[in-house]
Amino acid sequence: MRRKDRTYPILVGLFLLFSGAVFFTPRWFSFLLTVAVARSLVVLGVVLLMRAGLVSFGQGFFYCIGGYVAGFSSNAFGVTDAGAVVILAALGAVVAGAIVGLLLCNYRDIFFAMLTLALSMILYSVIVKNPALGGSDGFNVPPPTILGISPEAVDPRVSLPLFTFAVAFLLYALAHRYFLSGFGYAGLALRMNEIRLEYLSLSARALVFLKYILAGVLASVGGALIAYISGHVDPELAYWTTSGEFVFIALLGGTGHVLAPLAGGVVFEVIRSYAFDLAPSLWQMVLGVILLLMIIFMPEGLWSLTERFLERKRDEAAP
Amino acid sequence: MREPLVILLDGLVYSSWLFIVSAGLTLIYGVMRILNMAHGSLYAVGAYTAASVVGWYFASGYDPTLSYLVFFTCAAGAGVLAGLIIERGILRVVYGRDEVLVLLVTYAVLLILEDVIKLIWGVDAYFAYQPYAALGRTKILGIPFANYDLLLILLAAGTGALLWFGLNRTRQGKFLRAVIHDREVSEAMGINVTRLYTATFVIGSALAALGGAVTAPSLSVVPGIGVEVIVIAFAVVVTGGLGSIGGTLLGSLLIGLTRAAAVHLFPRGEVLVIFVIMAAVLAVRPEGIFARVKARKI
Amino acid sequence: MKPLLETRGVTKRFGAVVAAEKVNVQVREGEVVGIIGANGAGKTTFVNIITGYVKPTSGRVLFDGQDITGLPPRKVIRKGICRSFQIPQLFPDLTVEENLLVACTLLNRPFGKLLRPFHDGKFIERVEEALEKFHIKDYRHEPAGTLPQGVKKLLDIAMAMMGKTRLILLDEPTSGVAIDEKFPLMDTIVRSVGRNGTTTIFIEHDMEVVEHYAERVIAFYDGKVIADGETSRVLRNEDVVSFITGSIPTARREPADADS
Amino acid sequence: MLTVEGLQVSFEKTPVLRGVSLQVGEKEAVALVGRNGAGKTTLMRAVMGLVKADSGKVTFDGKELTGLAPNERPAFRIGYMPEDRRLIPDLTVEENILLPLWALKEKEPEKKLERVYEFLPEVKELASRRALQLSGGQQKLVALARAVIVGEKLLLLDEPFEGVAPGLAARLAEILRHLKEEGISILVSESDYTHTKGLTGRTYLLERGEIIDVRENEASG
Amino acid sequence: HAGGTLKVGVVTFLSGAAAGPFGVPAKNAAELVVDALNNNMVPEPYNTPGIGGKKIEMVLIDEAGSATQQVTEFRNLVQKKGVDVVIGYISSGHCLAIAPVAEELKALTILFDCGTPRIFEEASYKYVFRTGPTATIDSVGAARYIVDLKPDLKSVSGINQDYAWGHDSWNDFISALKVLKPDVEVKNELFPKLFKGQYGAEISSLLVNPADFIHSSFWGGDMEAFVLQGSARGLFDEQTAILTTGETAMFRLDIPEGTVLGARGPFGVYAPKSKLNDWFRSNYIEKYKTPPTYPSYKMAQAFFGLKTAYEKAMKSSKNPTKEDIIKAFEYLEFVSPAGKVKMALGKGHQALQESVYGQFTKAGGKPSVKNVKRYPPECVSPPDGVKSLDWIKGGMKGAKCD
């Protein structure tokens, strides 16, 4: 039996909850939440690929593109509206993704992972070498207007998180719809047996191409949002460790559901923040140990907790 | 006309280092399908061990010629120990799980090891320069080269030959290939898979540590040296074709030589070279130079 | 009448191994053809070549008069050819039901419309029908990867038959299937394809199945066609007997025989 | 020789074998017959230790196997042929066959290899080819050879005739009979009686994880 | 402590490659100075307890991680931990990212080590100060020094890390040198990847085309590896290296005789003799068994700058507000173990100090420096309001060198 799908109402509920948090929790927390949500969009892209059996170690490529689109839009081209920039960032990702996707769609497994990594590292070194792009130090991004509302009119510390949540939850809803579509399942099928997929008249390459671009769009939008949230972009956005972290969060959350990346993202930021706080010089170890324990006891990611919970409830409900 | 020859020599030295550093990675991946992110940390463990041992050795005033043996052995020993702990203590629990998940486990190990190293050795630099300088230098084409570096080429060649022989010409090598392909049926055929896994991981770790040890004398051993090594080792291994020792050798040569050429002729492009080469090789041969044979599925 | 499928001088070499040598075969619309042959004779390779999984070293494959040589499987499939596999090709982590649903959706919905929800009522009905027909209803919620060998086989065939087909190629459909399921399975296949005049080619090692269902038999040996013709004639062919079957078929075994 | 007592196996709480008991005596061939999903493969795998039994006991030659690791079993001269062939694709056919002997550190594996080739000249022809390119049936033969070379006391054969051309299948049955007469115990699973009819002395009928019938074959010799 | 506590967030590298050479020496200095101030053990002019009588409470954070992460942590420091002042940041990228956030949060922030002049040249900040000199003085000082050392120099090579710091250092250096010696020839311009560690090919390249001097702004492990590998291959036999951060390694590494060493200002061995310096140096050595290097000095300098400004602000009100402190801090002059510091640039937010270079020698058996030359701030730095590179390329107009 398929469970009744309550994802959309849950998304709306979460959006309201998160928005409320902006007003009712301490500033540092709502900031952390905003960062986590924006970054979890990138993770959502990683998950989208992972469901199709593709691990991208180079989502930093798009993340960085999004960030720099935001940066350049305001600093060089005078486009300062976050709404417009998010759309621009998405378009940027489509263009970039379509170009490199043509090469990438021939690869699977570790080769896909390494090539995506190579691409992001190439972007990284291009930026580092290029003073016109800000070099390795990057540059600052001024606060945007949000759908026409200037930062003077409404405190960006309120408007930016709300905007981020709105964009993110909209994309989450779309992604959920996608996961339930023919493409979503074709992705699962791609992971498991490409020969059969080919014999079901679907081109695996076209599918990979499409998914790569979609994941890129998510990452790019996440990058643009992060650029505004942190007010700064630098090539570190494209560095492989950044991408690695996204994969890490994806696995932390799990790939079973669209909300998993969100759970992973928030938990990760909180854990890291506390690890930094409690063990300033050993936070990596704390993080590593937590990660290890999670993998050993929760191999399906955080999301499996909710599955277990629901299962228990169902067992209880049954006579 | 001497520049091309200098490039060749520089490239060979660099390739040798690349090979020693990546061989363990490809071995572990090839056999266990584990992309060991902690490889770099094991490299760092080797480097630190070597540096400490060398420091102690020279401070005690023993015979310098024996120092090489001593610090190689100690570093490899440290690698074996670390490998054993990681494999028996952690990896064993996650065997059979998804490849990506195991990758994450090694990432966690990397995070932990980085701090363990910091706890043991602190953050200050360690030096082990005596063995590097002690061998003197040779002028080739008027350019002095450190004899130590030149010996590295021999060491790499030796390691490569040994590994190749072990994998392709011995029964243990055949067992490894059986296990690589089908763990379960190998067990049913009487192969002790657990032992083979442990052995592989330990050898791979020892190789990583050895890589660190041979590098230590020409470096200042500082936190983070391991992290830098991982990406480049991955690039080499993927270029050559995962799990193939010959491929790794070729990958090292290709990347090492091009990189040396770039430094001499086009210094600004040096960083890009590794990835461009990798992308170019993969564009032509999607599974690396020596692609693994695929089983017939239909 | 123009043949539906025609191979002209198809040859395939794998290094020193010749898996197909100048194979010339013509199959008419609506025919039910059995392929027999020793192990390694080139039967699977023949199917692989037709469906584009393997490119022939030389020779042509024509389908309905069109040259389809070297087209990738997905394009061949779109022309109305489908196949099942000797080693079942399933999506191991999806349930039986989902496997069928994926097959049904992908075969019947154009790429552009894949954005529609996957659980579509029309397709669910057809999946239901297939579960019924192939007697795999009990397994519907089990992941395909852990199914018994025989059920995997059934599912594999069911998936192949989810689309609109003019030619179906079955690679050892009954191998691994329990004895008392073999005939019902073949009945199901022949009945459901026979309805719309689909041409059927099946590779088979069980001579009783061949005898019972094939109108015509093609015998392969060492990459070559050594006999081609009406079933009983081929099965009595000397070469066929000595190279492949080992004996001339005797009394027909009835399915019920197994329990007596 | 082989005794299975009250074997119980389940996957995720669903029982697949429910208290199966059977015996294979010395110089005896026994068939395991059942429809798809009856649990034949699971039974064989449990005997090889590839799946964990919840309860029950497997003894061979008077020694209990239950707690041993799978890789300790070939030392008892048990040969196993899995239903889905599972050769090592990048080893040659010959290496594939020799693998279990190497694992046992056998002194003169070549001698035994010669004997197997005598039985199965088809395999000898393939000896130097890599296993990955073999056709389905060829792989089956090699897997059989690999089981035979080590199984000097017991052969566990999971559907060995499936996908084998009829002429050859008849010969395989012949070979198995010969081996049995040489003193090897054989447990063979089949969904079909045709090939084992003249071979096996006893047939266990398995259904939904239970033995529902045991039949002594008069045809046994 | 009658006056309560002053919470100071300290951000510096505690892990990664920058921890050893910079992060931990800076952290050590912070601990030393905080401890000494709290216990009123510092000599004149800082012989009053704490900061304005308040006990200093230090909150330590690792600088490792991306700029986004640093921004998050900065917010945590200010909004969650409620620190009064943040002292920190070694990476220029982090400084650039933090400055506007500090401004947004109205959080008093002292950048202690990062060198990029962009911070106050591209924007102006109210809440942000930098108590260390910019990187401009390193490069201009280095150029002046080698011209003084070898007036007939013909050629230079450069090997710098492939990121902003390396590129900027080289650009400033070569531009300044070309002003001083218009026909100097550049033999090599190498930019190996950051943390590459293996410089075989680069060294060959430098050997194939030798120059009089080799400029390098390498730091930490990279610098030390370069020196080790270069020495082993005789790179420094004929060519003299200028290591702009070389001072950090001079007590640990066998540096070739005559190598030009910088300390990014009058720090470390170049710190002028004073009671404060003697106290700092000897206490540091006693506590950490190694002499303080320039990052230690710069950290101490940040604390002393804060103390001076705070106490100056207290003169007008007993409990100074942030605004009071800022007003006191702008254009402040104070002393540190490295001598006199003037907050002269960036509208009074950017410190100015002299540039000092010397040559390494082991002549006395102990590592030390010879031929030390000091260039006054006005000689190596643009006047307030002028961008560094513009100033250098424009011929370093208005430089006052004597």
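Note that the chains are named A, B, C, D and E in the order they appear, and that numbering of residues resets to 1 at the start of each chain.
Everything below uses one rule, namely that contacts are C-beta pairs under 8 Å (C-beta built on N, C-alpha and C of every residue); 3 or more make two chains touch, one makes a residue touch a chain.
These numbers come from a predicted model, not from an experiment.
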A correct list of chains touching both chain A and chain E reads B
The larger set of C-beta contacts, choosing between B-C and B-D, lies at B-D
Between the Cα centroids of chain A and chain B the separation in whole angstrom comes to 33
Dist(centroid_CA(chain A), centroid_CA(chain D)) in Å evaluates to 51
Chain-centre distance (mean CA atoms) for chain C and chain E, in whole Å, is 76
Multi-chain touching residues of chain C, meaning two or more other chains, are 44, 53, 86-87, 89
Flagged in chain D as touching 2+ other chains are 133-134
Among all residues of chain B, those touching at least two other chains are 114-115, 118, 268, 271, 297-298
Chains touch in the following pairs A-B, A-C, A-E, B-C, B-D, B-E, C-D
Per the touch rule, the chain C residues reaching chain D in their complex are 14, 17, 36-41, 43-45, 86-87, 139, 146-151, 154, 172, 175-181, 205-207, 241-247, 253, 258
The answer for chain E against chain B in the complex is residues 14-17, 19-21, 23-24, 162, 188-193, 195-198, 200-202, 204-205, 207-208, 220-221, 224-225, 228-229, 231-234, 249, 252-254, 290
In their shared complex, chain E is touched by residues of chain B numbered 2-3, 6-7, 9-11, 13-14, 17, 114-115, 118, 123-125, 127, 129, 132-133, 137, 143-146, 148-149, 215, 217-225, 228, 259-260, 263-264, 267-268, 270-271
So, in the complex, the side of chain B touching chain D is made of residues 171, 174-175, 177-178, 181-182, 184-194, 292-296
Listed in rising order, chain D residues that touch chain B in their complex are 48, 50, 69-75, 80, 82, 86, 88-91, 95, 99-100, 102-104, 130, 132-134, 146, 150
